[in-house]
Amino acid sequence: MTHDLSVPALRADRLGKRYGRQWGLRDATFEIPAGSVVGLVGPNGAGKTTLLALTVGLLAPTEGQVAVFGEPSRAHTADTLARVSYLAQDHPLYRAFTVADMLRFGASMNPSWDRALAQGRMEALGIPLDRKIKALSGGQQAQVALTLALAKRAPLLALDEPVASLDPIARLEFMQDVMAAVADGGLTVVIASHVISELERFCDWLLVLTGGRLQVAGPVDDLLARHTLLTVPRQTPSAALPGASISRTDSDRHSTVLIAADPARMAAAQQPGWHADPVGFEQLVLAYLRRPPLGVSRAEVVAS
Amino acid sequence: MIWVTWRQHRTQAVICAGLLGAITIVAVALGVWMRSTFSSDGLAGCLASSGGAGCPAAISSFTSEFNGGAMMPLILALFVIPGFLGAVVGAPLLGQELERGTWRLAWSQTVPRTRWLVSKLALVTGGLVVFGVAVTLITTWSRAPLDRVSIRLQPPPFNFEGLSLTCSLLCAFGLAVLAGLLLRNTIGAMVAGYFAWEVPFLVVTLLNGPLHIMTATARMPCQAGCPDASTHSVPPVTGNLGDLVLDVTRSGNQMIVSYLPASRFWTLQLIEGGLYLAIAVAALGTAVWLLHRRTT
Amino acid sequence: MFRFRLDGSSGVPPYLQLVHQVRQSLLLGYLRAGDRLPTVKEVAVDLAINPNTVVKAYRQLEHEGLAAGRPGQGTFITGTLAPPSARASEALRRSLERWLRDAADAGLSQEAITALIAAVRHDVAQEARQDSMEERTG
């Protein structure tokens, strides 16, 4: 899988969106290489849907800019809308339509529609074309919605909590199909979710949002390499640690601190009584999620 | 967008077709019946020879037979249809998309939302115009004999002949579409759209009489010693069966008659239709503009 | 076809799990030189994991000389993992028995022995990981 690093799939530059007096997203800056599968993590209301809507072209930014494959997104224009496929939360579909009607809808509304792909998927999944959407199971509806997004053949796919309402088997089948599409090449995916445990196997890039602010942005491998779980004596001040302290748990005689430090500094700073452990994906994300969002004016961008 | 609009409004189109069919059947039956009574009462001959002056009794009985009972159901339907149908067709267009969240599907395809809305509105408006014109033509044909011997400058006939019905329908439609955008709710928008439409409807219907800007005045010599000419004589003192006589006063040897001539029909239709249409255009234009400028 | 499995809760990164499974199968003789590993897409779909993870695992295997990719044909097992020689195994086994008897004599309970073994194993593995991390990013 080669990434054309010269043109990032998605690039945000101090992106912000205000609703009335509240900022739904503020000062988001990041650059995601083509071919990545990005996990966009955050609690409900953190700004994930806002970020996706800005990317898709359903929303115009209040501040800053977002570009898809080098082209700045301008909301509600055909050019911008053509570049991103969007699967909104709860996979909205026209419930009175049949499956065939939904596919025809996709064909009518998208010049880039791949009819063979759409019909092939329905056949492979065993979903009858003449059945009404409201008569399908939740998992089947999600698959129809995914088909609509995939058959549009846009190079960027944005999924907003795609499996939240699905049972475990439907979830698995859904994600298998997304991974297959990624494996076929030419697709960058952004998955917004508040369920972290399942993201590790899918994502090689991570964006963590809380309170509208980006807490961390970077490739997963790098992030895991540059964070350590350090066990130190209780009195050790955070300033004495070889990196930024992300989260700290104090016991009677010792403290466990998750720090962001590059491995060279870490190795050099080892002291007796100190013990370093690698951090797991879920631990890392949780620590950043719990971090209070104030005082972070720029995302902690870890260069890849 | 043509297929998508058709598919989303298919049920409504079928209902309209059914409605049109029912109206056609009733109107044709009435029209045939009216025509047969017209000829059996000898009214054609009477009109040709004396312009109606020679058979006032026949005319009276004809008009009371058909103006009252027989046409009532059709008339009631036609009173209700524009407001009701316009609201029912208009409210879900934006209201249901916003209510059910399908806007996130509809507006993230490759068609920008403003173009989506304008295309839809153009197509649905076209369909409503076809429906309105068809109903107007059929009911006007049906009522033609009655129109020859009575007034059509007032409701009920004024409301469904000419431009009035179609423009009224579009007015209700436009208001309901706007209500759907503002309320993000289908049922609420239907109700709000309908009641908003009632305002111009009542204005137009209740104030229909006092359109005295269009009245004409005539001075006529009294014949046979100025009989008690009233506003309701058949034929009216002006001699034209279609005139609406508003006031007759005596002045010496003359009658001063103020009346609405039958020939004013189309002018008045243009005014009323124009009012409805202006509201429709304003409502739809506002909806398009608001959607275009929406930031969320 | 060789099928992988993924343990989402093991704490071991997915790509390493794939590498370990290949190594283990080689040791046990279930994979032999010339066998074709499933394609990246097949594994990604089967396990519902990122295809890049599979690519990484296969690259690691290539780096260790255990597999090689042939363009247009797939990834094939090339190396073998020699099981430890019978003599080396025998020697290790005897020294382990001695150590366990020493531990029991020193008064360690079974739980204490297990804990000690786990702790030392962990430290040794961590040293090896940090060494390889420094090697790659330093």
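Read from first to last, the chains carry the letters A, B and C; within each, the first residue is number 1.
Methods note: a residue touches a chain if its C-beta (ideal position, glycine included) is under 8 Å from a C-beta of that chain, and two chains touch if they have at least 3 such contacts.
Predicted model, so just to flag it, every value in this text is computed and none were measured.
Student: Can you list every chain in contact with both chain B and chain C?
Tutor: A
Student: Which chain has its C-alpha centroid at the greatest distance from the C-alpha centroid of chain C?
Tutor: It is B whose centre lies farthest from that of chain C.
Student: Per-chain C-alpha centres versus the global one: which chain is nearest?
Tutor: It is chain A that sits nearest the middle.
Student: Could you state the distance in Å from the CA-based centre of chain B to that of chain C?
Tutor: Roughly 84 Å separates the two chain centres.
Student: Between chain A and chain C, tell me the centre distance in angstrom, where each centre is the average of that chain's C-alpha atoms.
Tutor: One centre to the other, that is 30 Å.
Student: So the centre of each chain is just the mean of its C-alpha atoms; given that, what is the distance between chain A and chain B in Å?
Tutor: 56
Student: Among the residues of chain B, which ones contact at least 2 other chains?
Tutor: Within chain B, no residue contacts more than one other chain.
Student: What part of chain A is in contact with chain B in the complex they form?
Tutor: The contact residues of chain A facing chain B are 19, 56-60, 76-78, 81-82, 84, 86, 88-90, 92-97, 101, 104-106, 108-112, 145, 148, 152.
Student: Can you name the residues of chain A that touch chain C in the complex?
Tutor: 1, 35, 37, 172, 175-177, 179-180, 182-184, 197-198, 200-204, 224-225, 262-264, 267, 276-278, 280
Student: Touching chain A in the complex: which residues of chain B?
Tutor: 1, 3-4, 7-8, 11, 100-102, 104-115, 292, 295-296
Student: Which chain C residues qualify as touching chain A in the complex?
Tutor: Within the complex, chain C contacts chain A at residues 6, 8, 11, 13-14, 40-41, 44-53, 55, 126, 129-130, 133-134, 137-138.
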